[in-house]
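The first chain written gets the first letter, and so on, giving A, B, C and D; residue counts start at 1 in each chain.
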């Protein structure tokens, strides 16, 4: 990392026009004393130009109000922004929310769960995003090879897997708001401050389990499981429907599931709920699309100079703050424990050593160092392995543009699992997303 | 093994009244020259007494016709039969076919696949059978500790898992007719004799894959995959509906699935087919029940002194012959390669070393020695891991009589995967099988 | 851990009459504000009674001088001391220094390296100590089952291995001053404060490597290797002869060895050096024996009320301070990183998951959580594995009192490796230590 | 493999002028009925031209006497011989016996064991041979890519490791006469035919253990261990001094060591024995050099038309026969069990999956399929790991021509283990072998 004399850190945010960016800006502002960001470059594509400028204007008002010397830049050319960057965050959406609406509605039309990061929808988001992310990573390797790339684009786990397997730099970390949401949910459940709670996280992105929960360092896992069994929620992240767990099941499971596990342990109920939303034209992407529009209206307000409270309902709360926290810990070698997506390296002994996992790690200037979690409990190992197989085949399909591998990935996904219907679904989705899948249509 | 002077081998068959037994008898007759069986003890329970005598009478006519000095004994007390046994085969059905009918119909009633060895049905067959099998194994450990126990009771993989984890002797091998059926199917496809074909099998029982196919030692896997893709069948075992594989899928899969994989890769189609059978009162168990009755009518015929050809339609063809082949190879230290269920011991590197797997093994007098298969291909590893998790939790549930673990097993099974419906299903099935689940109702 | 209202922590130190104890007392005094020890029980055996009282008196003067309310107790009956303990430290020497003199001199007499923790000497120290340590652990499991047992009795790695394999409680941690000595040595080399340096430690006790060295979080391993190659020392612990490393070797090794690696990478030179000391009657144990006597003379001085500076020359410097630091981090859930001996649990992927390793770990109230270190570099993996084999066979020999396993352990040790001479050596050492090896002479 | 219509197999033997070749020719003659070799190409280098012609003439007399239509060809240009080859055997000696004399004498001069395949001598043989073997393998990949390469050049394990890591074709198998010698030794001990005995071999080349011994399929390991303990020999291979094992040691070891283990378990005695031979100018290479000269005199005899009995004393007995046996089993898809050097692939779970091991394997037309051996016993795992580390570092040193890695390999070898002396030794040996180490002197 370059010597900092009269200058601070340079951050580049690819997808800077995202509605999440104000949280990121707020995160940098409140940490300014220990994390002296001097330049924040917001990068976006032509289609996002208008949003980018709205965000940049708001950001400038925010730093002005906070009276910190962070300069905000915008560009549509990431290669202009990257040189000299210390950290690059990526929060892109290839195909914008329209593509997400398709990811959710088309599977539902065929009777399958339609979701942004799981099943057919998650696979297509990966197929569209991975080639773009790899291109960004290539530019980083050329223009700012020492920078850390912090990705919070979904599906974060598959993107980390792709970066580890096909990427150009090693300094790539994936982030998600789900684990931090669980820790905050547990803290809320206990009525204590977040920093008194720690959870041992192990698994994959959106497939992560809390193996142990600690309050002031004491293991209180059983108590939290009992709370879950009695219908309490242990997650502050409300991205998906929050149906109660079956008490006997959660007790036998013995670990804390994440909200997304509902797709795998409550498959029918989740599907029914989604099908109702589908009929009403209210699948999550459609709801988010409306929320986004409202948010940008709010952001345009020249009098707004803080992150507006409405953003927290957006679903991705804590994402950007988690990113700032991570950047801060790397920059200051804090050695605190955070759950991130990184190379397994034996931390979860039952998963391949070279694959991407989501795991509690000590965050150092040299990057995340996963804590040894041992074997996954037998009851959850199988599902995690199955999703890892799906992820690995999907990543290969995305990289190679392979129709056969995409079909294979879809069929081995436990939310699809039906070969002939999978093929029909695949063909329709490929056609729908054709514009963003050049590798499949060359 | 005892010295054979004027005496031959003693075989004890628990569940001797099974309709399969004539195949077993035929197997011993045709191998008599190298496998000198002198005593075959057929053991059954009180409810099976009539069938037992029908089978024993047929067996006596068969050995008489073949002019081999195999003596047939019957008993309802296995402890009378076991002393001095060299091999004990187990082919029991706790709850008889009535229980199987429930295993198939009750899940279907709730919209889940109902099947003898998979999903809820497979789990309940395991819950009923494991305690009984462990008791048999305990008797063996006392009365004939050097005997090999050859199990072909379903679900064969979970039973092997239970025997390895909770059993009293190490000499336990599980058998299935699925892999041998695939080898024979490939041979038929190629129009060659079975012994020119060899398949590298790796996976779990009813979850086994053919990783490589050889003709006269040459790897012809790709050619067989292409045959499968063009709609040909590579299995001689017709226990389940033989729907064609999706060509692009099977090519991307790259290995030979077993017929039961249809439940996981064609979930919807298989369910629809079963639901139609359900409505007609023709689920597999009901069909088998009728076939059984017809078979026993045939067996009663005093003029019948060979295995009747109708047995081959029964579904379990080659099971008993596979058992004779295995016994022969152990007894004569043949060192030929056969797929069996045994302790993994590193043969499939991605599965725990101590778990039961179905794997091509060299058969020696000292038992099966698995061939190293390396890692499972990434596309299939996940599903195999998931079923292994299900198996391990089920085995614990059976051993402990744990309601919570049974519920957990059901929910992590990819054919169920819905917690609230799983609980309803579990409760109904527990009640239906109450008589055979003493550990759950103590 | 019990609620602390008006009371502080209770520490029990088995082997309290050790010359190291003043460092321990000093450690508690200087941490009193955050680690409120109210009772320190010093336990020793009859033969150590006089030393125990000298130490206890000094300790009382020290706490008085420091004006902290730590009460010092002594007893010859550990079962009197243990009830209610929060932490039990063990620093015993079965057979006292006389036994160590034999451990060093007898092997040298036969031309083998004679050393407290390596080779034949290390093995005999383990054989004498393990049964006693297991008895202590058994008492802890009965009298204060929630207490953490912190062992710094040598050979610390084999003792941890024995506790993990045969012990009665899980809360057992082994400590050594070698890794902390390396960190301090590196800091000294760099001229910076210790807390700016961090080393990734992985291996076994006295067989640990520094895989990476960080200054303020930046990886400076190569720079430190170059320093070692140019003859600088990276260890503040001077227990053994500090011969320079061969520059080309250390560069190819690529990681930081610990001082004890000289026995394995400079076998001949170390042996020659020791043989000279042997002839002069100045083997390390003899030197230490004299130092001890001098120390106790100093300790007797009624005017002494601090840890005397002479103690730092004793060889075990930082041992006790490391123990206090560890206790403090557990008590206060500090989540700092310390190297300890604990269960591997996958942290070093190339070693068995259940064995004892020495590894950088995050220290929490719930105990140490090892950081994932991945595979050991190929160049050092072999030696570490070999010593782990030696350790495991030795631990079994100690537990079973097995002559054959003791012989086996000696022969597979790379410092012995000669079967007939090993047997002669073994017989002589067994006879010499007969009194302390009841399991071998029953 | 090509279709055989009017033609038989083509074998190419690189190093055809070796004194072992008559055994190879005999092996092909006696198997002619099932292994129809039509062409045997003997290839050698200019310096070996005279020997090559002597051998070729003898071979021609042998096939004529046996009346089999095997044609013998000679060439000094392997690229002339390779096209169309079905099997290529390699039995080369880079630097001839003069180099081996240096490999043995120079280490002994410095007080280290001097041996062809172990310690410094083994390392230098690897450094000289690996680049040449890789070149041969490259030619094979171009000129006869479907051919199997069967290497019995020493050090066979490191060469297999190099071929697996840096080679151009996958069809590479390493052979050694040590395991077959043990099986034959056990058979002799028992007074039974070789084919009634089977040993489970696992380990590395010249570092292989017999984990279990079977007579007619029954496990008689304990009985053989007792025989070894009572001073009997279980090896027919007499390459090295056959000192008796210490009875208590061998019983505790519990597995059958190979003769070369004496270097690691009887280090001092072996060194003393060698030092005496050194003084007398009778190190093994010198003895062999004389034997070779005598053999070639015998081979020249125009009346000799069989393999002369004197060859069996040469030390490498059974090597060539083992090669013929292996070729025969591959060609005829025999599926018999033979110990070979091949990729581990999980067969020995405690070793890396991708490294070369020596392990009992089923030999098929598709190559060797290792039997799962599970974990190595703890007592031997360490030494095997250490030698594997040495092998891997040596292979890298050979490939890269790295002085530092060569020094590292030497120091981590347990027969050297002394850094400063290792450097002196390394420098002297590099100079002595300069001509054959172009990568180190570029």
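Note that in this section a contact is a pair of C-beta atoms (placed from the backbone, for glycine too) under 8 Å apart; a residue touches a chain by one contact, two chains touch by 3 or more.
Quick caveat: nothing in here was measured; it's all calculated off a predicted structure.
Student: Looking at CA centres, what chain is most distant from subunit B?
Tutor: With centres defined by C-alpha atoms, farthest from subunit B sits C.
Student: Could you compare the number of C-beta pairs in contact for C-D with that for B-D and name the larger?
Tutor: When B-D is set beside C-D, the one with more contacts is C-D.
Student: Taking the mean of the C-alpha atoms as each chain's centre, how many Å separate subunit B from subunit C?
Tutor: Computed from C-alpha means, the inter-chain centre distance equals 55 Å.
Student: Using mean C-alpha positions as chain centres, tell me how far subunit B is from subunit D in Å, no decimals.
Tutor: 44
Student: Return the residues of subunit A touching two or more other chains; collapse runs of consecutive numbers into ranges.
Tutor: none
Student: Chain adjacency by touch: line, ring, star, complete or other shape?
Tutor: Looks like a ring, each chain touching just two neighbours.
Student: Among the chains present, which pairs are found to touch?
Tutor: In this structure, the chains touch in these pairs: A-B, A-C, B-D, C-D.
Student: What residues of subunit B sit close enough to touch subunit A in their complex?
Tutor: 111, 245-246, 248-249, 251-253, 264-269, 378-383, 385-390, 392-393, 402-405, 407-408, 411-412, 414, 417-423
Student: So in the complex, which bits of subunit A are touching subunit C?
Tutor: 1, 198, 200, 212, 214, 216-219, 333, 335-337, 344-349, 353, 362, 364-366, 369-375
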